[in-house]
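Order as written gives the chain letters A, B and C; numbering starts at 1 within each chain.
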């Protein structure tokens, strides 16, 4: 009995030591493979139809796997701050061919294909193509028209097509009322900050996917800043009209009773009046970098 | 001759069964016995009595839940005890892609024999078990009886001092059984100890110095074959022929098969009956003792056990 | 050790007599077909297609042999009771197990080496020459062989305590899981607690990382494989394999045969 006890302990120790060794080795190997990893950024099979045929009756499952790959690909690129997202389109293309009813793939795709780098691939044409396919496969899903309208409106600045997309979507009895309103508004005045704010806010409120929600939130903050700055400039003009001179500090507007307190950007940093008395973001604000990257 | 060939002390084995192996069945209960060198020991019992379990425990194919055993003084935990032990499994089966000669050669390697030594031994052994012509044929083409012979050959290939045979006669024709009997007697003559299990009484009576009877996982007794199973003669039986029409009172009790009559009687009536037959001019073919068959013998033991076994099962929960 | 060798040699003989090596005919046909076809339907990628197809075939064929025969190594002997007579010889159970392992690894080595020769022949047919960089294919083949040995060890381990069917399932399952172990570590989940992330990370280190042995992508494009990687992968296979085989031996040594 005593001997078997010693054997058991020895086994336990060996097992732990063995796995500890494996653990350490794995870390070293991971470092080594990093060099090989770079070049593995490739899709061996690019033909969606071939992949679909090869996945037999398991196409939806394969679709899910490719979808995961697309998300991981986007996430990894995002983490490494790499701008080239050229595999995003083929991955989404394959995903939606394998599983044409994967709504999230179209919405995600339209958002991140069309959005300008670094957040997206800057490829609005493929975004539109993806959405058109989405509409064909899922005719009842009116939000694809909203997404299409957004792509035309924000990224292609094609207001006629944007209005047409909203109008088309509005024909669906389930579509939100404002779809019709957007169609008319964009047709009449093109891009406006209010329209942009509304569109992003709807995406933000209705999107379930965290990446899409986060992206919409970022846009929303940026538009909010633009709206704030426009309003502040109007107040500065009003001050100039009243006093005959341009204010140099935000506090002057407060003292004049035009503002109740020092206004802050979405991160809470107070806006400032810069050169020529124009309202600007605070130099310390993190929003500044975001704004510069998106201009 | 001081160390016994096989010593078994309080060996017991429990088999788990049922869902998640939660239930337990005692397959062997506190078995103690010994086999001396130069002795042929028969292990008698009906199927499922625990014969094979005991033998597998000795060969470390399964592990006991209690007790210990030694072969030639060495604990069975010591692998080197196999050097002096030969084993024939029940219904043996070997690599069917090998020939008999190759299988024997393969097994011989584990005993550390030289190549030439292996070669001559394999030749001799094949001759001994009557497979010298079939030695070059792959075992997949062998019959059950031929496999049994291969099994026997590999068990005694390395001149072991202790030979353990699990049902060595099964699957053999009468000629084969006789050959196995001869081999066992030869082993005995060479001073080796043989332990074999069987459920055939005549084999045990003919070969064994001693037998152990095992029923329901318990050893019911050890002794000479006569002591153990030949004790009670149930009577005598006469087989005879007699011409038609003779007035013979014996005929009333007899049964007729073909030309012959068969009649049974208590031993004390034998001589009266023989006189009667002589008087009628009948021809006596044979006079034999009526012994209980092994089945009857076992049935009595099993029956006696049944009530007790049920009690064990209940208390086991 | 002599006993291990005896068992190994017999295992190899069994594989040969059971016509396991016939898969080479299939491989030869595949490589011949690829060599003839690829030149006609494609331009500029003949070499990488031949190499990646060849290495994939070597890996997949090897996998099938490793899993199916690996699981059967011990369980078949138990089911058919060929083990009974053997274990009644002066052989330790771990010697038997190790011998079985070595025997199948020997078989796989011969099989894989033959396929590697076939791959080079196909490559030569397409290119009419062989370059220095083509030697990296041998490295890839070597790493595949390491992977296969590790899979045999795992198949042995599973077959020591469960049915053949489940053992095949487990081995295949751990292989697939092992392929994704690296991804599991790198994954950036959206909303997972730190605890769950650490657990996932821990599991990913304990699983056999089969991706370690995959350099097909690099080799198919004639790129070098770092020596350190080869050395570490070798060490990895040895350490992991030893742990698995030791566990298998520990279980098998206490196992009751039917």
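Note that contacts are C-beta pairs under 8 Å (C-beta built on N, C-alpha and C of every residue); 3 or more make two chains touch, one makes a residue touch a chain.
The structure presented is a predicted model; accordingly, all values stated were derived computationally and were not measured.
Chain-to-chain contact here is organised linearly: an open path runs through the chains from one end to the other. Relative to chain C, the most remote chain by averaged C-alpha coordinates is B.
Relative to the whole-protein C-alpha centroid, the nearest chain centroid is that of C. In whole angstrom, the spacing between the mean C-alpha positions of chain B and chain C is 47. Mean C-alpha position of chain A lies 83 Å from that of chain B. Chain centres here are Cα averages; for chain A and chain C they lie 43 Å apart. Interface residues of chain C facing chain B in the complex, by the touch rule stated above, are 2-3, 6, 10, 13-14, 17-18, 80-82, 84-92, 254, 256-257.
Every residue of chain C that touches chain A in the complex is listed here, in rising order: 182-183, 185-188, 190-191, 205-206, 209, 211-212, 215, 217-218, 221, 223, 225-226, 228-229, 232-233, 235-236, 239-240, 242-243, 246-247, 250.
Put simply, chain A touches chain C in their complex at residues 11, 14-15, 18-19, 21-23, 25-26, 28-30, 32-33, 35-36, 39-40, 42, 72, 75-76, 79, 210-211. Every residue of chain B that touches chain C in the complex is listed here, in rising order: 56, 59-63, 79-80, 82-83, 85-89, 91-95, 97-98, 106-107, 109-112, 151, 154-155.
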